[in-house]
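Several structures are given next for inspection.
The same subunit A turns up in both complexes below, where it pairs with subunit B and then with subunit C.
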Partner chain A sequence: MEKSTHQNRTARIKGKLEPYFYLLPTVALMALLLFVPIFLVISYSFYDNVIINDNPVWVGFENYATVLGDAIFVKSMKNTAIFVVLNVIFHLLIGMGFALMVNAKSLGPRPKAFFRIIYMLPWMFNATVIAILWKLLLNGSGVINYLLTTFHITEIPLEWLSDRSAALWVLTFINIWAGYPFYMISTLAGLQGIPDSLYESASIDGANGLQKFWHITLPQLRPILISIAMLDFIWTTQNFSLIWLLTAGGPAHATEMMSTYVYKTAFQSYQYSLASAAAVIILIACVILAIFYVRSQTRNDE
Partner chain B sequence: MKTKRSFKILLWVGLILGALFSGLPVLWLFSSSFKSNPNIFAIPPKFIDESFNVQAYISVLTDPQKLRFFLNSYAIAAVVVCCTLIVAILAAYSFSRFNFPGKKIINTIIISMQAVPPITLLIPYLVLIVGLQIYDTYLALILTYMVFTLPYAILMMSGYMNTMPKELDEAVMIDGGSRFMALWRVLVPSAVPGMVSVGLYTFFQCWNEYLFALTLTKTNEMRTVPIGIASMMGQYAFHWNEIMAMSILGSLPVIVIVLFFQKYFIAGMTAGAVKM
Partner chain C sequence: MKKLVTMVLSLAMVLSLAACGGSGGSDAAASGDAAAPASGDTATTGDSGVVLEFQQWFDNEMEAGYLQSVCDAFTEETGISIELLSNPYADTKTQIEASAAAGTMADVVALDGGWIYDYATHGHLANLDELYVSIGFDDGEVSTKTAINGVTYAQPLVNFPSLMAVNLDLLEAAGVEGLPETWTEMMEACQAVTDPTNNIYGFGMNMSTDNATCMEFFAAFLWNSGGSILTDDGKPNLAGNELLVDTTEFFKSLFDNNVVVPGMYSMTDADKVQEFVNGRIAFMPDSVAHLTNIKEQAPDMNMTYINMPHEDSYSGDSYYRVNNWAVGVSANSEHQEEAAKFIAYLLGSDVNADLCVKAGGFPVNSAAQPAYTDDSEAFKAIQEIYNGGTGKAEFYSLPTAEALMTELDNDLVMYIDGDYSSAEEMLEHTQSVFDAAYEGDPNATGGAEANVDADSGTTSEAA
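Let's turn to the complex of A and B:
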């Protein structure tokens, strides 16, 4: 009797601890390699000369004041904002446009599968490959300049990525090209989830194609479009690789982004404290975006 | 009838313009990899010119240094896929089959970790990785990629397990099996499609990662394919055809995944945005 209650109790305690046991590897990894680094980078941002200096000095918000007072950082924030907003808008438009075309009723299954694969192509290549491919295409003697000069759209070949007034727009264009497939695929999945009966009853009521799109397709896709747009906001704000490989923030900071600013400040100027402050500013921006994202997700759940 | 016909024409014009937009640059990538280097910028440009050859591929595949990049990338991705899957399945099991204090908050923290920008973590990572004395090793990249892929993998796996009836594991436990047995013998085998999606997603992320591979490794013995491709831009006097051949070889696994495992890949990539 005694023994069995004892056994019951240990079994109960064990049962209560069991879910935590399964979470242990996750929590341990995330604690070591997410929470500790976040804590470290925040603390670095309040000290002077961290990492290089053995005894860094607490300077409060001084690093933040320096970074936010740096014209280049302000410019990088402006560039990031332009880059992100244009990317999200065009990803959405192109991704949704392609999805609607591929999903058109009059398209047979074979052309449908064919165009879906073609439209997914940019997704199959990583930032390094995309950067090198566009460097080849946009080269002074490359095929794009050949076409532009042959058809007299421009008279002389342009160095698209080293032109101060063009570089940011070219970079944005390339990232739009690289990123829309995710929208297209998500929109396609969403389109397949819209019940046919909605369209049928609308047809009975005499609605035309545009009305059906406006009153059925768009409202039904809304939750998906909002959540991918928010993910895209977060991801594009963090983008580093493609920008680094194409322009590295140049020429003359014309394409400087918050991410390239952090990288240069840390690993080229070795000003880790300032870089940490800038990195924390990006973190704050992304956390704000993430709060909106999590809210919209939990609202969908309810 | 007439509007239907013109709609169809418009649709095909749109489809073809879209295909040119996404397909032409990729076609040029392939075509350039089969040219000899002096012909890369030949005028007028041709998709297939008289210099058509596979020399660029041979040079890449016979260069031990470049093969090492591939080996590194495959090895790291394979280990990360396995480890992330194991850790994510355990965590997903906990979220999907138990109710416990703190469940909601832990779940929310894991989800929100996806928003932490890698660039923010870069500086402290370097300090930690050097401190752990694993700088310039496989382990540094394996741990990093696990942490980056875990939140999404857990989210996807618990979503998948939630769709599986609890009667499945209860049947095992009635027969006297432990919970762990239920997970291992029943849930895991029936969760294979979900695991394939998570695995492909994880592979995709590891294979393409650039920033941490650049920062946490320094010797060519440890560097991965993206860094290898990028470094060809610097050190060579632009052997464009070889760079393009290396790019294609470096994209091959993802191309194969998209072509042959499209369903699983798409399910894996879009789970965050689209409710399954």
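Let's turn to the complex of A and C:
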């Protein structure tokens, strides 16, 4: 009898523990590949310098003070804010606009498929291809300058990426072009999930197209839009490849972003602790946004 | 509780996105995997059982399979196997940086001049002088070694002078006779050639900070005028350097006279070569390593090389920018002596000569007699300039050389755009940045990159 009770208890404990064993590989991987590196970077930021220094000295928040007191870092924060905010807004507007267009009932199945592929194209190119493509287009003797000078819109070729007053806006435009299809595809999926019955009921109630969009489409898409906006914020904040390939943060820091600042500080100046401090500041910005996102999602769940 | 778990899991998801999301640098480093050979790379295990990893970009810039054949010949001779880790230059740089930081550098690594000082002073490279002694290698025929504070940490294998490529077709079409030797002559030639309506410009140079070594092209105008960016004891000498002020003003005048190709501030090395082969630039400072590439892409172009034009009144010795393919031995390698033997093998007169022919460069072994097959006028011009002058690479003696060249690049752009009222003011600011790098580096005692004297075949250090 006692043996049977013991066996039952063991089986119950095993049953309770079993799910955690299934989770173990994921948890171990996350700990190894995610939490350990993040912890290391955070700890690095509190030393005078690491990796190249055999005996790092604890300096508290000194690196944060140095980074935040660096005019180039402040400029990179400002540039990143402009770059990210404009990207998120225009990705959303363009992506949703195109999604509504390719989802229109008036469009036949073949034109629909054709435009979906055409509008998705920028998403299929990697950063290198996008950089080469736009460099060729914006070259002094490229297509865009050719058209501008041929039609006498400008007399001399414009130096799009070499003009310090224009480079950030041009870079932002290129990244908007490269990123809107993600919004389009996500929004399109959301649009296809909205029941027709809602629109039919609204029509019976006499709602016009704008009212249907405002009172049905937008509220139905809201969770998707918030999710992809958050992802976009994080991705764009950390965008490095395209910026590096197009301007490398130049000319004269005109397009310096927090990501290029971190890279240069770590791999050109070998100031790994300062770079870690700057990286932690980026992480904090992303985490703050994540908290807002989580609160918004949990409110929806309730 | 449910709410808390949801929040924790969501935060974990966001952190994972932050860790994985679009950071090219870290992605490149991660994907680089220093320990993994590039596809197609092979290693034949030799008799000794020792396998050396050789991380480099040289393989990608020579005839396919050539470097592997050199390694196989070495294996046959010594029993030491070589595993080639071959990637393009930019990837190699990222991988070596990542592996140096992680303490997992390959046994033998290719080194660009701008990295050597920092890798050496950070303890990533082994002392080659000691290794040469321990393996009994007589380096008497080796014309160039890269020493930091008197210790050799990098061994150049092939030298590549950087000169001024000239599109002779454009000069002829503009009625320019003779090749410019002075700044004034160059300006006049540029003005004669420049024709914006046909997208033709006098001068084009990369200035993107993605590879700030472009500032060596700028400095080459100074070097070939007998100037230097260093004091006699190897410290930065920018502020108050009159010849550098003149050089800076001359460089700005190229922009003021509208003879530079549009988009130079963000132009990369590849962009610049592309503009040149498309016949849009008459004068282009460039590494001669691109000669083969230029001839392939523009086979009909009539082109040659000249040394960088000098200050009008200068009549002294000739100097040119020189870069090289250098290698070093990792300080954490368990087979340092075997690695040194491999370097010694690459320096052998026959091997070194053949390597230079395949790479299109010049030998480091003074006894090497490369049998160049290129008999073009352009290559003859390169040989003449190389043999008649001295190579300079002064930036390599600076701590965090790449970062400092980036700062010089930024300051130069700001000066050209009018942010600084004078070249003196700009150079004072640049000097302060250079000085700060010295203050932050306890190892900075005026170490030096060896200059290459092609005539004497001897090593001469700037400090």
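Brief remarks follow.
Criterion: the second predicted complex is superposed on the first by the 281 of 302 C-alpha atoms of A that agree within 3 Å, B and C clash if a C-alpha of one lies under 4 Å from a C-alpha of the other, contacts with A are read in each partner's own complex, and residues count from 1 in each chain.
Everything that follows uses one rule, which is that contacts are C-beta pairs under 8 Å (C-beta built on N, C-alpha and C of every residue); 3 or more make two chains touch, one makes a residue touch a chain.
Everything quoted here is computed from the prediction, not taken from an experiment.
Contacts of A:167 after superposition on the shared chain: subunit C is touched, whereas subunit B is not. In the superposition on chain A, contact is made by A:248 with subunit C only, not with subunit B. Contacts of A:268 after superposition on the shared chain: subunit C is touched, whereas subunit B is not. Looking at the shared chain after the overlay, A:177 reaches subunit B, while subunit C stays out of its contact range. Using the contact criterion defined above for the overlaid structures, shared-chain residue A:38 touches subunit B and also reaches subunit C.
Contact with subunit B, but none with subunit C, is seen for A:23 once the two complexes are overlaid on the shared chain. Within the superposed three-chain model, A:294 lies in touch with subunit B and with subunit C [touch as defined at top]. Applying the stated contact rule after C-alpha superposition, one finds that A:159 touches subunit C and leaves subunit B untouched.
A simple residue count on subunit A separates subunit B from subunit C, and the partner touching more is B. When both complexes are overlaid on chain A, the residue A:198 reaches neither subunit B nor subunit C. Touched by subunit B in one complex and by subunit C in the other are residues 30, 33-34, 37-38, 51, 127, 135, 139, 141, 231, 234, 238, 240-241, 244-245, 259, 263, 267, 272, 282-283, 286-287, 289-291, 293-294, 297 of subunit A. Listed in rising order, the residues of subunit C touching subunit A in the complex are 3, 6-7, 10-12, 14-19, 21-27, 94, 97, 101, 118, 122-123, 196, 199, 207-210, 212, 261-267, 271, 278, 280, 400, 402-403, 406, 409-411, 413-414, 417, 419.
Against subunit B, in their complex, subunit A makes its touches with residues 16, 18-20, 22-23, 25-27, 29-30, 32-34, 36-38, 40-41, 44, 51, 97-98, 101-102, 104, 106-107, 111, 115, 117-129, 131-137, 139, 141-143, 146, 177, 181-182, 185-186, 189-190, 193, 209, 224, 227-228, 231, 234, 237-238, 240-241, 244-245, 258-259, 262-263, 266-267, 272, 275-276, 279-280, 282-283, 286-287, 289-291, 293-294, 297, 300. If you check the complex, the residues on subunit A that touch subunit C are 30, 33-34, 37-38, 51-52, 54, 127, 135, 138-141, 145, 156-162, 164, 167, 230-231, 234-235, 238-242, 244-253, 259, 263-264, 267-270, 272, 282-283, 286-287, 289-291, 293-294, 297-298, 301. Of all the residues in subunit B, the ones that touch subunit A in their complex are 7-8, 11, 14-15, 18-19, 21-23, 25-26, 28-29, 32, 40-41, 43-45, 86-88, 90-91, 93-94, 97-98, 100, 103, 106, 108, 110-125, 127-128, 143-144, 146-147, 150, 154, 179, 207-208, 210-211, 215, 226-227, 229-230, 233, 240, 243-244, 247, 250-251, 254-255, 258-259, 266, 269-270, 272-275.
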